[in-house]
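Given below, in the form of structure tokens, are the structures.
In what comes next, subunit A is part of two complexes: it sits with subunit B in the first one and with subunit C in the second one.
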Partner chain A sequence: MKINRNTFKWSAWLGWQMESNWTRPFIFAIYAIVRPIAASLILVVMFYVITYLGDPSTARANFDFLFIGNAFFMYIAQVLFGVTWIIHDDREHYRTLKYIYISPANYFVYILGRTLSKILITTFAVIITLAFGVIFLEVPLNPLGVDWLLFIPVFIIGLLSIIAFGLALAGISFLTAKHTMGMNEGIAGVFYLFCGVIFPLSVLPDWGISFAKILPVTYWLDLIRTSLGAGAGIDTAVAGTSVEVSLVVLIISTIGFALFSIGTFKLGDNLARRKGYLDMTTAY
Partner chain B sequence: MEFEDDYPKPSWFRMNYRALWGRAYPRIIGANREPSWVFFETFLPILAVAAYVFIYKAWIPEPTMAELMIGFVIVGGAMTAYWMNVLWSMAAQLYWEKEMGNLELFMVAPVSRMSILGGMALGGMFTSTVRAVSTIIAGVLLFGVSLTVQEPLYLVLIFIFTMLALYGMGMMFASLYMMWGREAWHMSILLTEPIYLASGFWFPLKGFQYMLGQPGFWIGVGASLIPITLGLDGMRQCLFGTEMGFFPLWLELAVLIALTGLFIFLARLALAKMEELGKKEGRLTLRWQ
Partner chain C sequence: MTMIPNAVEIKDLRRTFKTKAVKSKKELVTALDGADLEIKEGELFGLLGPNGAGKTTIIKILATLLFPTSGKAEVLGYDVMKDAYQIRKNINMVSGGETSGYGILTVNENLWMFSQFYGIPGKIAKKRIKRLLRVMDLEKKADAKVRTLSTGERQKANMIRGFMTDPKLIFLDEPTLGLDVNASRLIRDFIKDWMRSKTGRTVLLTTHYMMEADELCDRVAIIDQGKILACDTPANLKRLVTKESTLKLEIRKVQDISAFQNIKGVKRFTYDHNITAGITKLNFILDDEAIVADIVAEVPKSGSKIVSVEKSEPTLEDVFVTLVGRGLHEN
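Take a look at the complex of A and B:
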């Protein structure tokens, strides 16, 4: 237990150092701000194009919907990307994967610790993005109007489900060559497409809507919007489902995906050891 | 018997041609030896592109305009393959080679560094083209995008000069990245979304004007320094009509030709300068900074 606690603590510290100490704090702060703001501005310009070409009467509600969805999607993109990249980075760049394996540290706990630093940095980016939206884009977010009792548990459970997905991908990364980045991008694309991040799911074909309903992130984003009181009301696949039912589905699907992910991670880890992939390098 | 009689020194051209092909080879052959990349590089990226397609599909009620914007997104999505390749497999590659211990081998090889970088570009273009083509095919088959080439000659020329300018820019970045440690990695991350924004990957470049008026035009002019900006706008004009074009096609082609010359010249300059600096400061073999 003590070894796991120490592994978690020091790997989180290591992750933070790796993320942040490559430059001065000021440059790091700019770096942390520019990217999420640019990602949001892409949607802002798209929104203006849509308003110019489409129906301006519904534009405001649509914009709030996609802005909030996109801000919280950063957790999915960053955490998924972060967790799987750790395997590639340790194995091929720093070539420390095998040394961590032969240390007393549990690699699974180590990955969780490294993920924590990603979550902290992403939280900073999400806060900056939301603040930018409130100040410059009139997104109607008011801390006093937020249903914190709903937001906090929903946020934590959703984050756990995202970490679970990340672990499943990490398990697969043990076995793949340098395609980790394409895989992250693609899997993040699945969530971007099927979880009602930036458009209402009702425009998807029926099979797409059915698929969306089994993904915890769909419920997570819907409940996040409801608890924030902004961007809700657009016809999503889970519209009409009560908050309680959505919450139960979120919890059950998160547990299901967590079990699946742990299994996938263990399987990938096992196969990689058996096939001798722990020190593979493919950076051609 | 002299060594050189048995092994005559190849001509400068032959050596550099071999270096170019030699560096392109592992990327093309390596990719074929790991067929998993086909799934990761073709099917999965289409999903993210599809999300942008559905934004326009959901919120532009007029079908003709929605179709036009979907076409814009598909072309933008296809071109992301090249931008990602330039960032990660060109610009960041010398940094990676340094980390892997290959850079010193490149430095002592009796060939131009430009040939090695050119080989990287050629090899990288192979996988990027597969990804780009699969995105276009998905756009046509899944979203019914209708591609009517209205200006075939311009389309070919704009694409070629966009690639030359873009990979020239990648070569220039590669020499800068070579001097960096982890900054290189973070710089590539930083140049993803901001460039998607500036170059209008997911919307017409004129979107800045719809949003900001005249200042938006100047943002577009500034963004034109990135070759893919005018390349994208030009290709969209060739495929979907000039109505939403930013500049006339001839002007975009002229700027791309100028950018090609500029970036290849700057790449050569930066490479020589960075190599000299690297040798002086002893950073060419410095790893894991």
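Take a look at the complex of A and C:
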């Protein structure tokens, strides 16, 4: 138990060092602020160009929907890319995976610790993005108007579902070389398309909506918008579902994906040890 | 007389790998071909063999990084297939010839983090790290980023990482590979001191440096093509070839060395060209010392000149040549 606690703590610390210690603190602070804003501004510009040609009466609601979805999508992108990159980087670049693997530290806990640092850094980026939206883009977000009792549990459960996806991909990363990055891009793209990140699900075909309804992230984003009271004013295809039902579906699907991810991680770990991939160097 | 328990026990251990040698055609490569080995607790044991002999595969299996294809492997009485966690609490590993470590962290931070992965209490960890940094002559680099270290310094830090957990069994896979003479000597001295100061600790060392194995190891196993060919103390192994004489010749401007192979009475013959120096080293294992004159007489016939002649005591290299039929660095 003590080893697991230490592993979690120090792997999270390692993750923070890797993310933040590559330059001077001042440069890192600038980077941490500018990067998420710049990423969001790309979408903002695209949105204004499209709405200029479309119906201006729905533009505000659509913009808020897009802005909130895009801000919280950062968690998905960072965790999915980050977790699998940890395996690749530790194994092939730093050559430390084998030394951590043969220690009594639980590698699953180690990955969780590293993921925590990614989540903390992403949280900072999300806060910066939302603040920028409120101050400069008139996103109607008021901390006093947020349903914190809904937001906090929803936020945590949603993050758990994203971590679960990340761990499943980490299990697969044991068996692949750098190709995993392509897989991550594909899966992140699926979430981007089917989970109502930048456009409502109602624009998807029926089969797309059905698929979206089994993904926990769909409910997560919908409930986040509802609890924040911003970007929830348009039809999202799960908007007809009550908050309670959405919450239950989110919890059940998160548990399902968590079990799936633990199984996938263990299977990947076992196969990698069987095939001799734990200290593989491909030089890709 | 008390029985010393085995730190490592391997029975009929096999490991094959599927490789894509040719595009879209899978080939089965045998890394271990029914290896048997017993290493007693408290031994400094050497595995000696050329590249690809199966040394690292054995270490990977014992360190719980790799499953065997078949056979049995036990570490400190625990099965590598079933009891990985129990094994991991008691072992560590150091590989040579690689630059592992998080370059963005300092030496101290790297070591501290690994100490925490082993659950070593803070005060003890700090004390051990400090002492080992001093012993390894790395104190001045404690706060330097790992990326700024030289190859030798990185390997010293790697050694500290391996030994600071005070393992019951440590695997040293070519620990002096690619290091200069001073760094190699420091590491060899450290290993010897560690074994002297810690009773019941075991080291499994792989190397293809014969002198290193001879200097350090209580017992040595010679491995080639996945098979253990011999296992004994270096002295006993050398006795295997004491009935034979060994002759080392250094010659210049050699044009044809095939003639040396055909001299009657030459039991084994290996050679090594040093192209830069323009010198070829010839190693002979002879049935009878009387043919030394015949060999020396052959040198001018082959268009060469003698640089040096040495009639030597057998080394582990000679044992290897006798058992395998070729030199350690020949394919």
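Going forward, the second predicted complex is superposed on the first by the 282 of 284 C-alpha atoms of A that agree within 3 Å, B and C clash if a C-alpha of one lies under 4 Å from a C-alpha of the other, contacts with A are read in each partner's own complex, and residues count from 1 in each chain.
Everything that follows uses one rule, which is that a contact is a pair of C-beta atoms (placed from the backbone, for glycine too) under 8 Å apart; a residue touches a chain by one contact, two chains touch by 3 or more.
Because the structure is predicted, anything quoted here is derived from the model rather than measured.
Participant: After lining up the shared chain so the two structures overlap, which partner does A:98 touch, if you call subunit B first and subunit C second: first, second, both or neither?
Facilitator: Only subunit C; A:98 stays clear of subunit B.
Participant: First (subunit B), second (subunit C), both or neither: which does A:10 touch?
Facilitator: second
Participant: Who does A:35 touch here: subunit B (first), subunit C (second), both, or neither?
Facilitator: In the superposed model, A:35 contacts subunit B only, not subunit C.
Participant: Just to be sure I read the superposition right, which of the two partners does A:22 touch: subunit B = first, subunit C = second, or both, or neither?
Facilitator: Once the two structures are laid over each other on A, A:22 reaches both partners.
Participant: Would you sort A:198 into first (subunit B), second (subunit C), both or neither based on which partner it touches?
Facilitator: So A:198 only meets subunit B here.
Participant: With both complexes superposed on chain A, which partner does A:44 reach: first (subunit B), second (subunit C), both or neither?
Facilitator: A:44 sits against subunit B, while subunit C stays out of touch.
Participant: So, A:273: does it touch subunit B (first), subunit C (second), both, or neither?
Facilitator: In the superposition, A:273 touches subunit C alone.
Participant: Of subunit B and subunit C, which one touches more residues of subunit A?
Facilitator: Greater contact footprint in residues on subunit A: B.
Participant: Considering each complex separately, which residues of subunit A are in contact with subunit B in the first and with subunit C in the second?
Facilitator: Shared contact residues on subunit A (touching subunit B in one complex, subunit C in the other): 18, 22, 94.
Participant: Under the definition above, what is the set of subunit B residues touching subunit A in their complex?
Facilitator: Against subunit A, the touching part of subunit B is residues 26-27, 30, 34, 36-37, 40-41, 43-52, 54-62, 65, 69, 88, 96, 99-100, 181-183, 185-186, 189-190, 192-194, 196-197, 200-204, 207-208, 210-211, 288-289.
Participant: Mind pulling up the subunit C residues that touch subunit A in the complex?
Facilitator: 17, 60, 63-67, 85, 88-89, 91-93, 95, 98-105, 109, 112-114, 116-119, 161, 165
Participant: Quick one: in the complex, what on subunit A touches subunit B?
Facilitator: It is residues 18, 22-23, 31, 34-36, 38-39, 41-42, 44-46, 48-55, 58-59, 62, 66, 93-94, 176-177, 179, 181-183, 185-190, 192-193, 197-200, 203-204, 281-284 of subunit A that touch subunit B.
Participant: Looking at the complex, which residues from subunit A come into contact with subunit C?
Facilitator: On the subunit A side, the touching residues are 2-3, 6-7, 9-10, 13-14, 17-18, 21-22, 94-96, 98-105, 110, 273-274, 276, 278-279.
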